[in-house]
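Right after this note come the structures.
You will see two complexes here that share chain A, one where it goes with chain B and one where it goes with chain C.
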Partner chain A sequence: MPLLDVQNLFIRIGRGESAIDVVRDISFSVGSGEIVGILGESGCGKSLTAFSVLGLLPQGLSAAGQIKFDGRDLLSLGEQDLCALRGNRIGMIFQEPATALNPVQTVGDQIAEPLRLHTGMGKREARAETLHLLERIHLPNPRAALDVYPHQMSGGQRQRVVIAMALACRPSLLIADEPTTALDTTVQRQILDLLLDLVDETKSGLLLITHDIGVMAEMTERVLVMYGGVIVESGPTEKIITDPAHPYTRALLRAVPQRALGYDTWLESIPGTVPAPSERLRGCLFRSRCSLAGPECEVQPDLIPRGPDRVAACWRLPQVDGSVPA
Partner chain B sequence: MKLSLLHRLLSWAVTLLAVTAIVFLVLEILPGDPALVLLGPDAQPDTLAALRLQLGLDQPAYIRYGAWLAGMLHGDLGTSYTYGIPVTELIGSRLKVTIPLALLAMSLAIGLALVLGIYAASRHNRPGDYGVMAVTQIGVAIPSFWLGMLLILFFSLTLRWFSAGGFPGWEAGFWPAMRALLLPALALAVAQAAVLARVVRAALLDVLGEDFVRTARAKGLTRAQALRRHALRNALIPVATVIGLQFAHLLAGTIVIENVFSLPGLGRLIFQSINQRDLMVIKNVVVFLAAIVITVNFVVDLFYLAIDPRLRHAS
Partner chain C sequence: MTTIAEPASEARRRIRLFRYPGLTVGGAIVATVVGATLLSLVWTPYSPLTMNMRQRFQGPSLAHIFGTDQFGRDVLSLLMVGAQNSLAVGIVAVAIGLAVGTALGLFAAARRGWVDEAVMRVCDFLFAFPAVLSAVMLAAALGPGTGNAMLAIGFYNIPIFARIARGAAKGVWVREFIYAARTAGKGAVRISLEHVLPNILNIIVVQATISFATAILAEAALSYLGLGTQPPAPSWGRMLHESQVFLSRAPYLSIFPGLIIVLTVLGLNLLGDGMRDALDPRHAQGR
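Entry: the complex of A and B
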């Protein structure tokens, strides 16, 4: 049984007739020690998917379907049970370390908070454990960092603190929402290495949300490509990079500086933008930007198997397969 | 930290000096001869001259200003024209009423505002929130003197729980004195609490949308815990600013309320002094009230430093 098993998840804005699905019918799983990526442009619903796992969707949004964590359906749990899981069994790493930390509380207190909340540690014990955590995330001068405020740290150091906070109670599942997007490239590398080491060490599962194909290629074993709130393709990362099936994935890969992936071709942009949830009509959402779109794309394609462990949702797959790889 | 403290202390002193200059200038420009007021229009010219000499009015303005400041530094504010006793003594005895009244009113206002504001913010866009907003809207609109009269009518004349006015003095004991201050403090507090509750609510809603509150929730804190431990302290910064401003309003409000409840406080003193053209009392009381307002704002500045480490490290 996988650690996290999401089945037919819908995320909805509003109620009744006027409700709009921003995430539609997505299913995926994350096993212990496994790193799974969700890849997509901003606005495709990947962050909402992450927040729905924690039960922390913004007001006005609701989730339906099934999110099983350790055999328990999170969507049917009460607030109290969810609070006991958050920060304890499931740790969350946020995108923006500059705003994710409380500006008026010391770093030490913020990391100690989940420890005191979930493990029943006393003040002194939690402080000792916090020091230990700060050492583990390789913060320079960890003892002094305990009493420092977030604004006295650099962006990379703050993100390390956010990671330490998420790790404090040794969660079995980590969710990282664009953990390196707000950081300098040189620091990105260090943070990703730290995450890899920690997942390796703790054997926790990691759900990594990113729009960065380079990050996804280096970090994840499996990946879901999302577009406009649906999964358009999923499978082993390596296969998807070397042989993308869905026209969107192919377009995404062509839009990346290829040297990072070992290719050497021209950079291309995808014309147009992701349609807003209110503009989403029936059929394949990518068709307005797809060079292969035809009349059959007016109908939503299902995810169909394409090789071992792989699925993709496109009517034109035979043509894609037949065409010369980009 | 030390530097910013020094900076604020200096600005406190400079502001106070400016206040004395303005008060002195205004009273200097205003028509009316204090000696003439004291002796009446039928006074003989030589009596007037003698009184002017006695009051030091024959000296040039800058010397009188200097003497006033020098006296202030020594704790000598001169003698009241009408009461004939030192102004320090006069102010001292009146402060025993006004300071407890203002503090009681401010505490009531802050307490009420925090309870209402937190309640409304935690029930944002739900009936409880709308209820608080409606009640505070009414609270803002009620003039304090009218509320004072209603309170007297209801609690003093109908229920007979409190006396309708007057002050027994602290000699009568702590509780009887507080009892006399409770209704006037409430009359002063309601409007302030209503404004402040709205500020607390707005500040909290602002902070509750911040990323770090979401982080707190992701750590496993309940909504109420996240509000209490993370949002509240950040929201107190704008709230403290408004409290500082409100304190000045509250002192101004005591002038009216002390008259409604016949309390022998500073507000009533200034009211009477103006009626009697007791310039010696007026200028000192005005400077004194200004000093209190400036000091409160100084304390608010210190509070910022205490609450926000970013300001502590900024200098």
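Entry: the complex of A and C
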């Protein structure tokens, strides 16, 4: 049984007739020690998907479907049970370390908080454990770091602290929402290496949300490509990078600087923007920006198997032998 | 990666007092008033309650710097002892308003929705009454006296603190570290106390200083109207009230208590404004 199993998740804004689905019918799973990525442009519902796992959707949004974590359906849990899970069994790493830390509380106290909250540790015990955590995330001079305030640290150091907070109670699932987007390239590298080491060491599952294909390629084993609130393609990362199926994935890959890969082509951009949830069309959402679009695209495509462990939602792809459903 | 900077207290110490003249001047005035008040607990130039009919209506002199009143009491001594009363009323009234109001504001901000609306509409209702009017109504209902003046003024301060705390707290609640705290599994009460409150404390402290000034004014007004401190305990407001009969004969009897009230309120307001500027990061960085 996977650690996290999301089935037919819908996320809805508003109620009744005027309700709009911002995330539509997505399913995926994350196993222990596995790194699964969600890739997509801004506003495609990646972060909402992550927050729905924690039961922390912004006001006015609701989730339907099934989110099973360790066999329990999170959507049916009450606030108290969710509080006991958050920070304890599920840890969250935020995009912007500058704002994810309380400016008026010392770093040591902030990391110790989830420990004291969930493990019943005393003040001294929690402080010792915090020091241990700071050592594990390779913060220089960890003992001094206990008593400094977030603004006295660099961005990379702060992100390490955010990671330490998320890790404090040894959660079995980590959710990282664009953990390196706000950081310098060199620091990005260090943070990603740290995350890889930690997942390796703790065997926790990691759900990594990013729009950065480079990060995706290096970190994840499997990836879900989201567009406009639906999954358009998913499968093993390596396969998707080398042989993308869906036109959107292909366009995304062409929009990555490839000089490092030996190609010397013009960087391409995808014309147009992601349609807003309110103006979503019937059928394939990508068709307004797709070079392959045809009349059949007016009907929403299903996720069609495209080889072992791979699916893509597109009518216009050449069929793959032996994997087409009857 | 760079090394970690020096501890925060170092940075705080660097806020130079003289960058904020209001803070310095206001602080000096308030310190003088508080110092004189503390001194009056153990020493006054003359006994403030002993009458001396031979020494009535003495103008300011070396022996009696602020003169003597209609009973021959030393005005400076009376003012010093009266300050105890003013400060006590100010402290208790602000404490009531701050404690209840901040709690209400934090509660409203945390609960949002109709709870928030309900709390704020009640505050709007209370706001409709001017400070002294509501204090007069309460003091009239509860009966005159120092304790009731404290209650009345404190009650008036509740919606002020509630509104300020609620507004500031709402601003904190949308910040990402609150979200981070929620992902760490914290409930609304703990988040309010441990994350929201420390982040709005500077605004609350500034408001407390300014409310302290209005509380002193309100106490003076209540005592002037006979609803505050009762005789024979000296009080700034009552000294004004008693001296107005002698306004043409001994104007200094009105001038000095009035001047002390004005100076104290001015000092507190300067202190509050100065603290607001000094604690506001936008002000601090601009310099």
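The working rule: the second predicted complex is superposed on the first by the 311 of 326 C-alpha atoms of A that agree within 3 Å, B and C clash if a C-alpha of one lies under 4 Å from a C-alpha of the other, contacts with A are read in each partner's own complex, and residues count from 1 in each chain.
Note that in this section a residue touches a chain if its C-beta (ideal position, glycine included) is under 8 Å from a C-beta of that chain, and two chains touch if they have at least 3 such contacts.
This structure is a prediction, so every number in the text was calculated from the model and none was measured.
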Overlay done on chain A, so just call it for chain B and chain C: clash or fit. clash
Based on the superposed arrangement, let me know which partner A:V6 touches: chain B (first), chain C (second), both, or neither? neither
On the A-aligned overlay, A:D147 touches which partner chain: chain B = first, chain C = second, or both, or neither? second
Looking at A:G156, would you say it contacts chain B, chain C, both, or neither? Reply first, second, both or neither. second
Which partner reaches more residues of chain A, chain B or chain C? C
Can A:A164 be said to touch chain B (first), chain C (second), both, or neither? neither
A:N88 contacts which: chain B (first), chain C (second), both, neither? both
In the superposed arrangement, which partner chain does A:E96 touch: chain B (first), chain C (second), both, or neither? both
The only stretch of chain B that collides with chain C once the two complexes are overlaid, out of 1-9, 19-27 or 55-63, is 1-9
Overlap of the chain B and chain C footprints on chain A, residue-wise? 54, 56, 79-80, 83-88, 91-92, 94, 96, 99-105, 113-114, 117-118, 149, 152, 162, 165-166
Okay, in this complex, where on chain B does chain A touch? 210-212, 214-222, 229-230, 233-234, 307-310, 313
Which residues of chain C touch chain A in the complex? 1-8, 112, 175-177, 179-187, 190, 194-195, 198-199, 201
Chain A contacts chain C in the complex at 54, 56, 59, 79-80, 82-88, 90-92, 94, 96, 99-105, 113-114, 117-118, 140-141, 144-145, 147-149, 152-154, 156-157, 162, 165-166, 187
The answer for chain A against chain B in the complex is residues 54, 56, 79-80, 83-88, 91-92, 94, 96, 99-105, 113-114, 117-118, 149, 151-152, 162, 165-166
